[in-house]
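A, B and C are the chain letters, set down in written order, and residue numbers restart from 1 in every chain.
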Amino acid sequence: MSLVIRGGRVIDQKGERKIDVEIGDDGRIAAVGTGLSAEADLDASGCIVSPGFVDLHAHLRQPGQEEAETIETGARGGSLGGYTALVAMPNTEPATDSVAVVEQVRSLGRESMCEIVPSAAMTVERAGEDMAPMGELVDAGVGIFTDDGTGLQDPRLMRRIMEYSTGLTGRLGRPVILAQHCEVSALSAGGFMHEGEWSSRLGIPGQPAEAEELMVMRDIALVRLTGAHMHFQHLSTASSVAMVRGAKAAGLPVTAEATTHHFTLTDAACASYDPVFKVHPPLRTDEDVAAIKEGLADGTIDAVATDHAPHAPHVKERPFDEAPPGMLGLETAFSLTLTESGLDLPEVLAVLSWRPAAIAGLTDRHGIFVEPGAPANLCVIDPDETWTVSGAAMASRSLNTPYEGRSLRGRVRHTIRAGEPVVVDGEACR
Amino acid sequence: MSAAAEKETSDGTLEVADPGALGRHLLGIDGMDRSTLEDVLELTDAFAEIGRRPIPRVPALRGRTLATVFFENSTRTRMSFETAARRLSADTISFASGSSSLSKGESLRDTVEVVSSYGVDAMVVRHPMAGTAHRVAEWTDAAVVNAGDGCHEHPTQALLDCYTLRDHRGSLDGMRIAIVGDVRNSRVARSNVLAFNALGAEVVLVAPATLLPPGVGGWPVVVAHELDPLLADLDAIYLLRIQRERITEGLIPSIREFATDFGLTATRTAQLREDALILHPGPTNPGVEISGEAAADPRSVILDQVANGVSVRMAVLFLLLGSGRSASGDVGPVVDQVDREVKR
Amino acid sequence: MAERERSQTPPFGGVFMPHARIMTADDMGRAVRRMSHEIIERNHGLEEIVVVGLQTGGVPVAERLVATLEDIDGLRPPLGMLDVALHRDDIGIRPVVPEATTDLPADLDGKIVILVDDVLFTGRTIRAALDAVCDFGRPRAVQLAVMVDRGHRELPIRPDFVGKNLPTRRDEVVDVHGDGVDLGVMQK
């Protein structure tokens, strides 16, 4: 069934224009302009039509922790948040460290409301000891490798993986992306929030910013040595941002992401002792928040990611120290980036859509130019609508949003995935 | 009042919303002002008197049930609370779990809800992790007393310490009090820094740099790394317990070195002023942070601390349960409203 | 004063508005003197007597009584003070905070305890006081002296020595102070 997105303003990498978008039966954009007609209309008046969002960092928990989330529910949440593609993190059970698990994730994702892009572990079982079969995984289409959840501690192994990855560029058709969760665990061990004035007042053992920064520093040095492409996940400290800025200025192949919670919340939130505010890397200080925003503004940080990390309610009902880290992000990312990142609207869309699409190697179908022939992965967003966050109302199987009860501005009205309207008027269609 | 702090403090100031002024719960000294503290201490006098009666028991909390919920072993603290409860004629039940609930796959909330369902009016909670009492308070209608949460707070210990100091000196105003030892891992130190400060004393933290909390720069204290130069100038010295784990954690080289530099030895005791007071939260490690001579010195008030602990806890339980609160746990006219002026 | 305490405690608070002077200071002096004679007469002297004033209103009355007993008999009986807040049966119905000291002479075993209060009303304060006294020992007898008995008893309690019997309405308030006794009402 063909449809026309009518009355909105299109914003993509080419800029802004007031045109309608016709989508054909083949899932591609058939025409743009005015006076288009089709079998159905989607109202976009007062709205922005954007290429769909791409999340570089989503924990969909399947296989292994279906109680917290499934690919189906995670993807539904993604669609409601305007996403058309999610990079699934490999810290599943078993870990996504083999072609078999990659294929399982991909097949579970085939029918879901977002495109699921599996990433794979750098090391076997994410144990940080032996290299995963990266060649096989590249042949199976994996372009992003990460041990996310922990950093790869051993610098020698990290160097080898970087070197090895540079030899796989030809097989993948583009450079392999190594994505690092920067955390020197010997420094962070036993810490459950940012170490500082708040941790010491609250009596919660802290982990210092340096635990992250030392690994950022190490990996930049190793990138210089090996020429591998390193993507820094969820940067959270001012020094980390400064180091990545320096590496980029030096022409090194590095990219970086920041999560919405690292530029909207600080360690002060932990004063409630509610583990919904426990996350790794931990919420930092006001100075760090300001540095993240600066990094977004000057392009040091390429993308906003969610680090969407669902946890079943009962495991978050433990003491702060014992509860697992992580928070929901897919359904709140757009509103928070719009209102709190300090970026103007085209830049908000850039960090949510085409920049992450480029890092993930998805530009043939995500983060597209809105013009005839392009795959219709789009979202329609109302930048003025306000809504109230409720974990219970979200698609996720979990409730752990740190923004519960908060009123946010900017909401996704429709999401179109490969031509199919999967979210219409803010409601998931399936 | 809810223990929940503000979820966002964008300006970064250290303003925790209500960490437990003696309204519905006693979760910490943080947030209690001088007059609240003084009220509790003043009230404690009345309960200390009951302890001296031939039959040290009043019917004030008859029919109320107190549960001690301990996820960390502490016979002394539990006995103190239970004695306090019984002197007020309350019934006591106890839940003890040597390890935390996680090992049994049970969420903390489950445990709390099960204990609540026995119809308890107050829950005294001890847990090895910070903030647990705050969380428990959100999950139960009972009044919650924090009996120690990780290295966060131990408010009744601070109250009994203040009561002991006040009992000997009349007031804490202008006192110079050194807290010596493992401040980093001490909930007692955190609560006492707040309480001593609020009551007008000057606090000096004396410890090796590794045993101070990372953010101590923001605390209202003087920090020192050497004990000897301070001794002659102290009104009170408060020694904290040091544990052997601190060596494997790489915080100190050896217990011997710690004892040599920071222990209250007989020699150091001799340098204290005639009217100085020696305190320790107990149980002591004789010969480590405090020598046998110091503990037995006439200036030591360590046993007074224990006795006063019962009186202070009676006052706390009475304030939370006895006054103006119906048996169902609903908050009636809260204690704060009982203004002494009005009754004159 | 016990009665004022209760009246003025939230949520029953208000301002006491006197409308009649019931006893003057001289009247009170004469009443104390008469009660003192009665106590000595009834107990054949003051040998075993311990006077216990109930905090807070009973204490000044008890002090006057002890001074007068000494004046008459030459022997000064021990004086104690008792705060019965923690023994009251209405804890939990209204806010109660013990605010005055309890200080009883060491051993009440075998003694004759004279409880002294300013106003006797429902009798509940006295019931609480009887409980409390029994925790301090086993007196041979307990007797009750009050400056004003205003009726409206809710328990089987009667005074042994009374300064003045004063019929009142339930909503009225009796205030015993140094200059005399006033009858009035609480205004919100």
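Note that a contact is a pair of C-beta atoms (placed from the backbone, for glycine too) under 8 Å apart; a residue touches a chain by one contact, two chains touch by 3 or more.
Note that this is a predicted model, so its numbers are computed, not measured.
Engineer: Of the chains shown, whose Cα centre falls closest to the middle of all protein Cα atoms?
Structural biologist: B
Engineer: Taking each chain's centre as the mean of its C-alpha atoms, which one ends up farthest from the centre of subunit B?
Structural biologist: Result for the farthest chain: A.
Engineer: Could you put a whole-Å number on the gap between the CA centroids of subunit A and subunit B?
Structural biologist: Subunit A and subunit B have C-alpha centres separated by 44 Å.
Engineer: Nearest whole angstrom, what separates the Cα centre of subunit B from the Cα centre of subunit C?
Structural biologist: Measuring from centre to centre gives 39 Å for this pair.
Engineer: Centre to centre, by mean C-alpha position, how many angstrom separate subunit A and subunit C?
Structural biologist: 76
Engineer: Which residues of subunit B touch subunit A once you look at their complex with the stated criterion?
Structural biologist: 3-12, 14, 16-17, 30, 100-102, 107-110, 127, 129-132, 134-135, 149-153, 187, 190, 213-219
Engineer: Spell out the part of subunit C that touches subunit B in their complex, as residue ranges.
Structural biologist: Residues of subunit C touching subunit B: 4-5, 8-11, 13, 83, 85-87, 91-99, 101-103, 131-132, 135-137.
Engineer: With touch defined as at the start, can you tell me which subunit B residues reach subunit C in the complex?
Structural biologist: Listed in rising order, the residues of subunit B that touch subunit C are 43, 45-47, 49-50, 53-55, 57-61, 88, 318, 322-327, 332-335, 337-338, 340, 342-343.
Engineer: Applying the document's contact rule, which stretches of subunit A touch subunit B when the two form their complex?
Structural biologist: 195-206, 208, 265-266, 268-269, 271-274, 277, 285-286, 314-315, 317-322, 402
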